[in-house]
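Each in structure tokens, the structures are laid out below.
Next come two complexes built around subunit A: one with subunit B, the other with subunit C.
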Partner chain A sequence: MSGYLSGTLAILCINLIFAYGIFIPASAGQINLGGAGFQAIGAYGAAWLSSVAGLPVWTSIPAAMLIAGLIGFLISFPVLRTRGVYMVLATFAFGEVVAGFLLWTTFFGGAIGMVVPAHIELPLLVFCAVAVTLLTFYLMATRLGLAMRSINDDEAATIVMGVNVRAVQVTAFTIGGAFAGLSGALYAHNFSFVEAQYFNSLLSIYVLLFVLIGGVQTAWGPLVGTIFFTLLPELLRIGGSWRYVVFGIAIVLMMMLRPQGIVTRAMVGRMSPRRWMPPHGGTGIPHGQ
Partner chain B sequence: MAEREYRMVNRPALALNGVTKHFGGLTVADNVSFEVPSGGRMALIGPNGAGKTTLFNLISGVYPIDSGSIVLDGAPIDDLPPRKRVRAGLSRSFQNIRLMPHLSVIENVMLGQHTLANGFRALLGPLAWQRNSHWRQLAKKSLHDAGIDVDPDADVSELSYGTRKKIEVVRALMSRPRLLLLDEPAAGLNSRETAELSAFLKSIAWEELTLLVVEHDMSFVHDLCERTIVLNFGRLIYEGSTHGVQDDEEVRAAYLGSRRITPKGANPAA
Partner chain C sequence: MTSGSVLARSRTIWQTPAFTVAVVVVLVLSGIAVGGQVVARQVVSGLMLGSIYMTVAVAFTLTIGVLNFLNFTIPTLFMITGMVAWGLIANGYVKFAGSWAWLAALTLGVAAAIAASLLVERFTFRYLKMKHGDATEHAVPLVSSLGFLLIFEHLVLISLGSESQRFAVPFKADIHVAGLVLGVPQLVSCVLAIAVVAALSFVLKSTKIGRALRTIAENPDTASLLGVEVDKVVPVVFVLTGLLAGIAGALFTVNYGSVSPFMGDNVGTKAIAAMVLGGIGSIWGAIAGGLLVGLAETLSIYFFGGDSVQMVVWGLLLAIIIMQPKGLFGSVSTGKGKM
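Let's look at the complex of A and B:
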């Protein structure tokens, strides 16, 4: 496999895990525009645990993921007190605080960044991306996932169904933080170098776009959105500098034509093989034949 | 009938004692006290803006009360958050349909089972992947019993208003409530659908289910409810039998007018 292709695939895997980290709270109605902050925590956590503490990859990556999840859990309480655009601003501010903290703290290398000695190869990234994808699909199929989607539709009516909305939202935000942290840890170990400037607000905006344009109703949304928006700029490279213009127009068109996202629940329902199967799991062959 | 009367002498399913609520300078519930007998079907009527839906919101915990108490099956619930009131046996529907637009029919109904699904296994089991799970079968049976014959995986937005209204009632019943608050269940339904809903509500009077129904359709009220309370400007102006409501001067002046209303099919002269 060429270096270019494996590099693109690595970014795709990292972006996909990152997107699921944003998708899970988004599916419960929480827009997180501080994604880069969580990814930075995962990346710097893994980098520090690997380079300074000398931990092996199989410890540094899960530990970084746990740290990001824990911070997600802690900040979910003040963040969930906000609503709508204020939540977007609160999470955005969180991302900026993390980036600023890392940039101005010599402990984490400051503007110079950190070198990560332990390197991981593409197969591990693919394994993690597949695992996170399957886990998210599973989560969305559970009663917890049902409650999350319900909160996104109508929070007040969900409360009246007896759902502990706050607990569900905290859980979603925590899992989201952990996934975003995992994507950062994988990034650190794959690129062997982390710097605070990479985890900027544009990264948070891009990953949120992957999720919102892919669709938050089903776990297919981030998968389609991430593949589309990671590969599209690469395919547009033939257009030179104009690729950003085309990319921008593509985003605007998507928002105009599919405001609910590329993939919706109804679309998945229509395409499901179950729709074409006879009810009650029968074979469709009349008895006696 | 004898069984219903017997149940009605037991302790009330719901008791409001001096419930008062102000929104700024506006008193939306003014020292409201009444009891809904266990197993009974009671109507809550009154003119627009009388505070009927507000009273439902106070009972279900959407708003806290300023003073008074709300007792469900002998236990005060006014300090409980809404979700704990559901666990205590209270369920409700909404005046405007509040089905989740991006959930399928069966998912909406299964959402109503949330309080019955306790523990990690129920919360984190592969619900949507088990086509024949206990939960799904339960939801399908409830839809079937309510006479709702639709594709369980259909989008709720594809369905007629009447069907959505009935699905909302089925969803509210999924938590096996002891007290069901229905906010204008017959609004927007045609006469056939209204009759079907009334028959369905009578048929589900299982065990100790108590109904409190806000409704403007007086034929529906007469058909379904033994007792009626009337609210006007947040104040209770009548509590008694549904048949007696139209003879009350204050109720007629405030709400019903002078026209006598009789249940459908009944002989007014009788």
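Let's look at the complex of A and C:
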């Protein structure tokens, strides 16, 4: 496999896991514009645990993921007090605070960044990406996933149905933080270097766009959105700034023509093989697995 | 977060705007008393910077207050003004204006920002309105504005390069007041920024279009029922947004004598901070917030060093959004709708 192809695949896997981290809260109606903050926590956590504490990869990555999930859990309580534009701003501010902290403190190398000695190869990235994807599909088919979709559709009605909305939202935010942290940890070990400038607000914006353009109604959305926007520029072979112009135009057109995202629930329902099968009990199997 | 009733909430003394202003003035004056002229100079430059933030913050607060729309293109509109003006001069398109070329270029730059802003309106609000009957309930404009942010920024990068460029302004005279050095451009920009915002405040309060805007801000459907031509009034918001961001960009260019494709990034985020601090949807809040953020920035750089600014400003902001989401002057009802 050529270096170019494996590099693109590695980015695709990391972006996909990151996108699922943003998707899970988004599917419960919470827009997280601070994704880069969670990814940075995972990346710096793994970098520190691996290079300074000397932990092996199979410990440092899960530990970094847990740390990011824990911070997601803690931050979800204040953040979930806000809604609408305020929530967008609160999460955005969180991302900026994390980046600002990493730049300011000398504990993690400040603006110089950190070198990560332990390197992981592509197969592990692919394994993690597949695992996270399958886990998300499973999650969306559970009662929790149903509650998340329900909150996104109508929060008041969900409360009336007896769902503990706050608990569901906290869970979604925590899982999202853990996934974003995992993507950061994988990034750190694959690229062998982390610096705070990489985890800027533009990164948060991009990954949120992957998710919103892909669609938040089903777990297919982030998959399609991430693959589409990671591979499209590569396939078009357009370089430099033009690829971002094309990306921007695609976003504006998507929002005009199909604001629910590329993949909608109705579309998955139409394409599902179960449509042609005789109905027999249980709804446990998620679409298309 | 609470019941949402803002009608009968009594405020404790420390929640009133007057108290906050008094605290800030006392802090600043005691700072000057302790630090002398060095601190006074920081205060002056902080207020100058604050007047730029303030103008951009008003643009943000206007679109959120009226349309419930966090417009991420505003920093790029700010940048477009400076870069277009520089491009016009560098390519010799404004030679006809002679020694006033810089002013002609900046005016055209502001016009370009307004045109770009109307483009955003055309492809977000007008289109959505045609399709769904209402555009203020969706996250769609927000996402579209992120798309436009990418388009504008990278088109500028492609056509004008990524370098920081010098923008020469003919007047360099300084005024000396009580030992403080005030640049004429800074002084003019500060006065102009306050004049623009005061004019906007007058328009919103006392004119027909201002009344229409405030009605839409309350409820677009009701406004429509009451005979407000929503289709014709919404573009006005975008013209004002382009105008405010453009004027701020022009003032920044004149003040600092340089432009770059990234000049909007820092100012944009600080303006968002200023808006939240003042209270989303409140014009006077944006003004106070802008000046406060400008002051906080120069003073924290002076006292604590440059590395702490990002963390301190955004940390405070996060705390304000969570604990006092209405800011200093706003009302809790703004921007709380489902997105």
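A few points about this structure:
Keep this in mind: the second predicted complex is superposed on the first by the 272 of 289 C-alpha atoms of A that agree within 3 Å, B and C clash if a C-alpha of one lies under 4 Å from a C-alpha of the other, contacts with A are read in each partner's own complex, and residues count from 1 in each chain.
The working rule: a contact is a pair of C-beta atoms (placed from the backbone, for glycine too) under 8 Å apart; a residue touches a chain by one contact, two chains touch by 3 or more.
Just so you know, these numbers come straight off a predicted model, no measurement behind them.
In the superposed pair of complexes, A:D153 makes contact with subunit B only, with no contact to subunit C. Counting residues of subunit A touched by each partner, subunit B versus subunit C, the larger count belongs to C.
In the superposition on chain A, contact of A:A47 is made with neither subunit B nor subunit C.
In the superposed pair of complexes, A:I249 makes contact with subunit C only, with no contact to subunit B.
Look at A:F94: by the touch rule set out above, it reaches subunit C but stays clear of subunit B. In the superposition on chain A, no contact is made by A:I61 with either subunit B or subunit C. By the touch rule above, subunit A contacts subunit C in their complex via residues 29, 31, 78-79, 81-86, 88-90, 92-94, 96-97, 99-101, 103-104, 110, 155, 201, 205, 208-209, 212-213, 240-242, 244-245, 247-252, 255-256, 259. Interface of subunit B with subunit A (complex): residues 60, 62, 81-83, 86-87, 91-92, 94, 98, 100-104, 107, 110-112, 114-115, 117, 122-129, 131-132, 135, 153, 155, 171, 175.
Residues 1, 64, 68, 70, 72, 123-124, 127-128, 131, 138-140, 142-144, 146-151, 153-155, 157-158, 269, 272, 276, 280, 307-312, 314-315, 317-318, 321-322, 325, 335-339 of subunit C touch subunit A in their complex.
Residues 138, 140-147, 149-150, 152-154, 156-165, 217, 264-266, 269, 272, 274-275, 281 of subunit A are the ones touching subunit B in the complex.
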